[in-house]
Amino acid sequence: MKKMLIFSLMIISAAVYGQKVNFKIKGSDTVLPLTQKEAEIYMKKYPGSSVMVTGGGSGVGISALMTGTTDIAQASRSLKLDEKMKLNDAGKSFKETIIAYDALAVIVNPANKVTKLTREQLEGIFTGKIKNWKEVGGDDMKIVVYSRETSSGSYEFFKEHVLSRKNFASTALLMPATGAVVQSVSQTKGAIGYVGLAYLEKTIKAVEVSYDMGRTYVKPSIETAKSKKYPITRPLYYYYLTSVESKVSPFVKFVLSTEGQQIVLKEGYVPVN
Amino acid sequence: MKRFRRLFEKFIEGILLSSSTITSLTVILIVLFLFREGLGIFNRSPLEHNFIIAVSKQNPVQDLSSDQLKAIFNQDITNWSQVGGKNDSIILFTVNDITNYFTEEELGASLEYLPQKLNEFIVSHPGALMHISDKNLPSDFQGHTIHVKNISVKDFLFGKQWYPTSEPIPSFGIWPMIIGTFLVTLGALLIALPLGLATALFLAEVADIRLRNIVKPLVELLAGIPSVVYGFFGLIVIVPMVQSTFKLDVGETVLAGSLVLGIMALPTIVTIAEDALRTTPRSLKEASLALGATRWQTLRRVTIPYAKSGISAAIILGIGRAIGETMAVLMVTGNASNVPHSFLVPARTLPATIAAELGEAPYGGLHFKALFALGIVLFLFTIMINLTVAYVRNKERK
Amino acid sequence: MTRKQLSQYIAFSSFTIISLVVVGILFVILGFIIVRGASVISWEFITGMPEEGMTKGGILPAIVGTGCLILGSMIFAFPVGVLSGIYMNEYLSDNWFRRFIDFMTNNLAGVPSIVFGLFGMALFVNYLGFGDSIIAGSMTLGLLTLPVIIRTTEEALKSVDDSLRTGSLALGATKLQTIRKVVLPVAFPNIITGLILSIGRVSGETAPILFTVAAYFLPNLPHSIYDQVMALPYHLYVLATSGTNMEESRPMAYGTAFVLIVIVLLMNLLANFLRKALGKRVKM
């Protein structure tokens, strides 16, 4: 007990040294792995700084920005008008920076022979109106829909841009994190889900998507997302108050630098330019 | 000196007394805080604070039920005539859509012209259904608000839909989770009960001291393994196992949750049931044996009936452990929010819902409050279980 | 063999087999984690920061974070729990007040850990304004483990022979002196055992720290009690369910689970050892 106490005191006092700049980044789970990686490299480069990264969802990050419990809010959607109004009402001015783009890929099990779907078919599948793969040209197999939890940015984005704001089927399995969606789709033959480009790997298959009633199908990739050919693409944002700009701008600049954008690419997101 | 001494003892006793009240205080505080946040969801409009639903002044529709509103925003209802209005298609409008109709310049740098533009919009689009904040309304608003029914306790408990972030009308029906929690717990019990009681009987009656000294600590060790480790094990081993054994579409099922929870509830059942079996007086057992009964007959006719209430307490406490378990279940049951009708489909439990969603629910909003209300339900379950245990134990004492 | 003996034989053998199955389950789970986790463990894993999107490097911040939470919760819960146990066992007779406190303590013990999470968030994080911090997390965990400490203290005191108390009182010692000089030294080993077991429990709880302290990624060690920290159980949860590359983060997850299991095993062993070693010394 005593030894443990001394040990922890040692660690704590060791940590007190060398603290200079520290700030928090909170918000979207989609941006989380990217920010985490950026922060990791940034801290190696500037040993005096300390960046803390936590998730929680875009909405949580933005409301933390309002209450001052975070310095940067990372978001996978732009600020809603009512959020803008709240910030305006509180007399707080803020800055918005697009740090990368992300494409939501619709994924299925590699054993599934379906390779392309139209937006209308996706809407039918995710709202529960289409229940069997044979209805969209696949085998006779029940469709198992995987989604993220209700308040994640990807859930809202998918609902708005693919389901034309209709609700997900209540039979959809809601996974607590994107990694879990990947894991489940890779294990489940009839599964379908949606994840950010960064999460694509060998154990799952991304389908081609058509937004013009089946005339052209586009495969999600960094190139097609960059050229805006792939329709389910969205910008990722950092929001911060102008009052903390001096503190956070070196980090934001780092993310936008060539080095930072290299990381964006390496992590499977789409660079800004 | 002696007086000082006595004062000192009184003082220490006071400290001891106040320490012993902390648990009671905590329980009271838990109730206070759960209810403070959680009750905020009842008897109020299901719309977020300050938000209203409005239509044009010419529109004859006065009120809409929340189901109708949901159907409208889900585009299952697209014409006003379906809800008792004129034959005109419904134009959905939320405040964020204003930029589709007006440019940023027209709205002004700090949105100062927004109210005026909202008015222009409603005049030019008489079929619109607006979901807006009443703060943005102009004083001469050319529309009227629609009355929406409040959230009732009944809707909350027995509602079958859980869409907590659906705009503009979220659904807070927790019936699927109550059934989910119940099924997962029932399954866990069916697994843990035979295993647990047999182990308790083995420890209390069959095993010799040496064997018991090995097995009992091992069972207690099961209780020490953190729940997230069980969840991790369940995710990697049990879920695929369930899927392939029963040839299912999905492995994340009630059964997977029950298996994990069953293992977790084992030590509680074993330890308490064994303690209960041991309380049977030796003299009773010896009398039975002396009358020529075998050890098994003695166990069945004397020991088990004597320890009955203790064993019931073990079972109930095992249920309590299973109902409240969070992380392990969150990782293996799939969390689909429809009512499960068998052990082989995905389900969502009360604790898992809180754990998965609280982090993402904006502080103080309706969703946040609804999750605290879930906490109240869970807490009431626990109290009920404890009252039952107290009752059973009380009977035992008499 | 008569029928009676046969049925006894069948019943007792099935009890034995089932018990072996239960113990077998334990070994399967432990074995699975230990076999897969042990190969990941290295000096770098224990003392390094997470790197490469948490697929490489180590878990030092999570270990330190869990250490802080253990320390913080025990500083609060241990004295309160022991004092409370002493009062309940030594001062209170079997009256309504005792029964009330008993009932409340049982209730607290039965409250699901996620409800503690809700409560901790409402009281410590928001109402008292600690924010997500070590202090908020420690207090929440402390309250959660309080009933365990109270119960073990009570049990320990109950097992002290009453003749020791009456003897001491007869020699003219006051009640407090008796408790301090006679009862507590005898009960001490068992009280410490309770403490150690509750450390095991605190180190593995996830639900109460989700909303009170746990950070997803924080590769720095905390320097005040108002800081957030990473913690082992939450880190395992993160590694198991998120991360952009499940294949690569799996070994990290096994390693983290291994460390968690080792902590629990060590605590159990230590508790057993102390119970024996100290128990003997006191008897002499």
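Chains: A, B and C, in written order; residue numbering restarts at 1 for each.
Assume a contact is a pair of C-beta atoms (placed from the backbone, for glycine too) under 8 Å apart; a residue touches a chain by one contact, two chains touch by 3 or more.
Quick caveat, the model's predicted, so the values are computed rather than measured.
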item: Most centrally placed chain - per-chain CA mean versus overall CA mean; value: B
item: Farthest chain (mean CA position) relative to chain C; value: A
item: Distance between the centres, which are taken as Cα means, of chain B and chain A, whole angstrom; value: 27
item: Interchain centroid distance [CA atoms averaged], chain A/chain C, Å; value: 35
item: Chain B and chain C: spacing of chain centres that average the CA atoms, whole Å; value: 24
item: Residues of chain B whose C-beta touches two or more other chains; value: 235, 331, 355, 359, 363
item: Junction residues of chain C, two or more chains touched; value: 240-241
item: Multi-partner residues of chain A (each touching 2 or more other chains); value: 55, 175-176, 180, 183
item: Of all residues in chain B, those that touch chain A in their complex; value: 70, 73-75, 92, 95-96, 98-99, 110-111, 133, 135-136, 160-167, 176, 235, 239-240, 243, 249-252, 330-331, 334-338, 346, 348, 355-357, 359-363, 367
item: Residues of chain B defined as touching chain C within the complex; value: 5, 8-9, 12-13, 15-17, 19-24, 26-27, 29-30, 33-34, 36-37, 194-196, 198-199, 201-203, 205-207, 215, 217-222, 224-233, 235, 237, 263, 266, 270, 294-297, 299, 317, 320, 323-327, 331, 351, 354-355, 358-359, 363, 371-372, 375, 378-379, 382-383, 385-386, 389-390
item: Chain C residues touching chain A - in the complex, by the definition given at the top; value: 50-54, 64, 67-68, 71, 131-132, 215-223, 228, 238, 240-247, 249
item: For the chain A and chain C complex, residues of the former touching the latter; value: 4-5, 7-8, 11-12, 14-16, 19, 22, 29, 32-33, 36-37, 39-40, 43, 50, 52-55, 69, 175-180, 182-183, 198-199, 201, 203, 267-268
item: In the complex with chain B, residue positions of chain A that touch it; value: 55-57, 59-60, 63, 67, 80-82, 84-85, 88, 141-142, 144, 149-152, 155-156, 164-168, 170-176, 180, 183-184, 187-191
